[in-house]
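Both complexes shown next keep chain A, but they swap its partner, so chain B is in the first and chain C is in the second.
Up next, the complex of A and B:
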């Protein structure tokens, strides 16, 4: 094994991190934009006269989905070119990898999720061109909420890149920084997709029943808000891992504990995020179809989402035990 | 760093606990969410049956939760007993 000096190791880690960052980050936005374009084609085939409006709407929706990939590109370029201007230690290498993984993985869910409302909006425009204003507004609101997990990931990546970790001892903290990246990045997958599912069905519902715009948007926002909670748990565990300076230790176990905490909360956020999205999706669809039952539907949605959230809470408990008790 | 037998066991146990609870949370999350969604659909179609439908939803979600509980148990075993 060659003996690399610190600067080379950090550069090595930065380049690998940049690769993961944009490689993974490109997945979600492309999938979401493809979904949007597919439904735009279907919409144009059903209502050729409105093809100009549908195309414009498709491009706007795709631009919002693209933003997650742009965040990933920015972080990748920062990883390749920036000199953070601080004392480099081997910890900078692990924070570079953590930052790359965080933004790369975190962009997947938001990219896919933002594609759903845009696609349904294009389809809805073809069926009900008269409500294009409401549909576009709803699509933009829904997509914007859907981008929040990618924004959380970018915040954590920027913190990992630019915060000064040089005072911390190398041994457990190299794993804590990678765990911090994984925690937010992975949890963002579920929340991004879940928020998008709710937004998609809200655009579909408004196209079917334009009179129900108010309650549908409200239910969508409530459903999306609950759907974002796993990403917030992930963000919380990331902050704990970054800010709790783990004391020096020579054992491998002390390093595996924070890494395992990050993996646990990260993966643990995926399922509940998507599940909450399913629940919100059907609740919003049926608020649009049966407006009198909006109250009962919202209540049922919240109960269902709360039960679905339970495994995210188990994952957070196990993460916190790994960080604080062991 | 010196990696001894006990240390390696503990490191593997912690990593295993994290993977167990992490991956184990995916399935119940998606499954229970799907149940919740279909229950909302059913209540939208037949609001009069809201009580029965909510009960069915909760029973279904509880069964779906079982594998998540197995993961939690294994994670806790790995953390505290091994």
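Up next, the complex of A and C:
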């Protein structure tokens, strides 16, 4: 067994974190961009005259989807090259791994999600070239809101990297910092994808019925916002894990409780995020086709999403019990 | 990172209990309120067929939000809730945009502001629900689908307040953290103004709209 000093342990952890970060972070954006390009091909084959516009729109949409991977790239470069300028302790090693995992996993959902509106927008342009302005604006709003879970992950990663944890005791807190990364990162997968589904069907709806742009965009924003609730619960659990400052302990069980809290909230958030996305997707589709019932559709969507979200609430309750009761 | 976790506070001891005031948040909230009062005064001072610029902007807000309120509630209930919805949006929009100006900061960056506004919407939604349906039917809705789901329904209602307030706080605070770290890394060159424009103006507008619409839809779910 090699003997490692603190400096080399922290460097080692940073490299591992950077590897996780960009490796996992590249998954989502690539999938989303491929989806976009596929629909761009379909659009061009249906309306060859507009191939220039569709191509331009495809590139803009892919650039937004790419931003999730760029966030991961930024965190990976920060992990490899920067010196936070603080006293290094062994906690810095676990916060580096936590930051890498958080950003890497957190970029998956937003990358895939941003691909949906971009693809549907390319298809919509071939169907309704006259409303290209409305379609592109709606796509940009929808896919920018899809990036919110990735931005939450980036915030948690930056806090893990640049906040000074050196005064905290090592034993339970190393696990709390990794748990903080996993909580937001995993919960962001579902929310990113769910937000993307809502945005995709809103672009489709506007292409079908351009007169409904206002209500469709409003319903999309409400649906996306509710789909992001699991990511917000993940962020809440991460903040609690980072700021609570667990008291020193020698037992391993004390360390596993905060780690389990992060994992529990993270995995618990994936399903509700995608499920809420399904609800929002169909609500937006039918608002576009049946504009008179927009109010009733929005209310039903919200009630259905609240029920599907109850599983994320169970996960949050268990996480809070793990943090505060045990 | 220090100036983010360090919130300026003023502690006053009244009758043995300590009252803590977040001075910066309160000051910034008052600036936003003052600006809205000034706007309202200018917009309604000389109402004319040929409107002044303030009146035009005011009419745009009123027209757009009256339409949205009417869609979510019905014609008969819209006039009652419309002033709340429209002023909530204008206040949040101004709060989120304050960070663009040097030396000012967003009051929504403080969780106390967003949690307060979230609780406001929660109390109003439930009060209107009880008033519209009667206390018995209001209580009965917690026992759906089966009576032992009641505790989970209560937790679900509380989680709505948590999610609505953390959504706004997380977006604005997250933007502030990203701007702070990036400014530090690029020595305040080129990037920070663009990031501030994105997070304050674009994300701030969308989140103000989302917060307002969710408050409106929560009311509409309760009264229907």
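We take it that the second predicted complex is superposed on the first by the 326 of 326 C-alpha atoms of A that agree within 3 Å, B and C clash if a C-alpha of one lies under 4 Å from a C-alpha of the other, contacts with A are read in each partner's own complex, and residues count from 1 in each chain.
Here, a residue touches a chain if its C-beta (ideal position, glycine included) is under 8 Å from a C-beta of that chain, and two chains touch if they have at least 3 such contacts.
Keep in mind it's a predicted model, so treat the numbers as computed, not measured.
Of the two partner chains, chain B and chain C are each touched by A:303.
Once chain A of one complex is fitted onto chain A of the other, the partner contacts of A:266 are limited to chain B, with no touch recorded for chain C. When the two structures are aligned on the shared chain, A:220 is found in touch with neither chain B nor chain C. After overlaying the two complexes on the shared chain, residue contacts for A:76 are found with neither chain B nor chain C. By the touch criterion defined above, A:152 reaches chain C but does not reach chain B. Applying the stated contact rule after C-alpha superposition, one finds that A:228 touches chain C and leaves chain B untouched. Counting the residues of chain A that each partner touches, chain B and chain C differ, and the larger count belongs to B. In the superposed model, A:293 makes contact with chain B only, not with chain C. Residues common to the contacts of chain A with chain B and with chain C across the two structures: 303, 309-310.
Those residues of chain A that touch chain B in the complex are listed here as 171, 186, 190, 194, 250-253, 255-257, 259-283, 285-287, 289-290, 292-293, 296-297, 300-301, 303-305, 307-312, 314-315, 318-319, 321-322, 326. Residue ranges of chain B in contact with chain A, taken from their complex: 1-3, 7-8, 10-19, 21-41, 43-45, 47, 50, 53-54, 57-58, 61-62, 65, 68, 71-72, 75-76, 79. Within the complex formed with chain A, the residues of chain C that make contact are 1, 5, 68, 71-74, 152, 155-156, 159-160, 162-163, 166-167, 170-171, 173-175, 177-178, 181, 185, 202-203, 206, 209-210, 213-214, 217-218, 220-221, 224. Chain contact summary for the complex, chain A toward chain C: residues 78, 82, 141, 144-145, 148, 151-152, 154-155, 158-159, 162-164, 215, 218, 221-222, 225-226, 228-229, 232-233, 235-236, 294-295, 298-299, 302-303, 306, 309-310, 313, 316-317.
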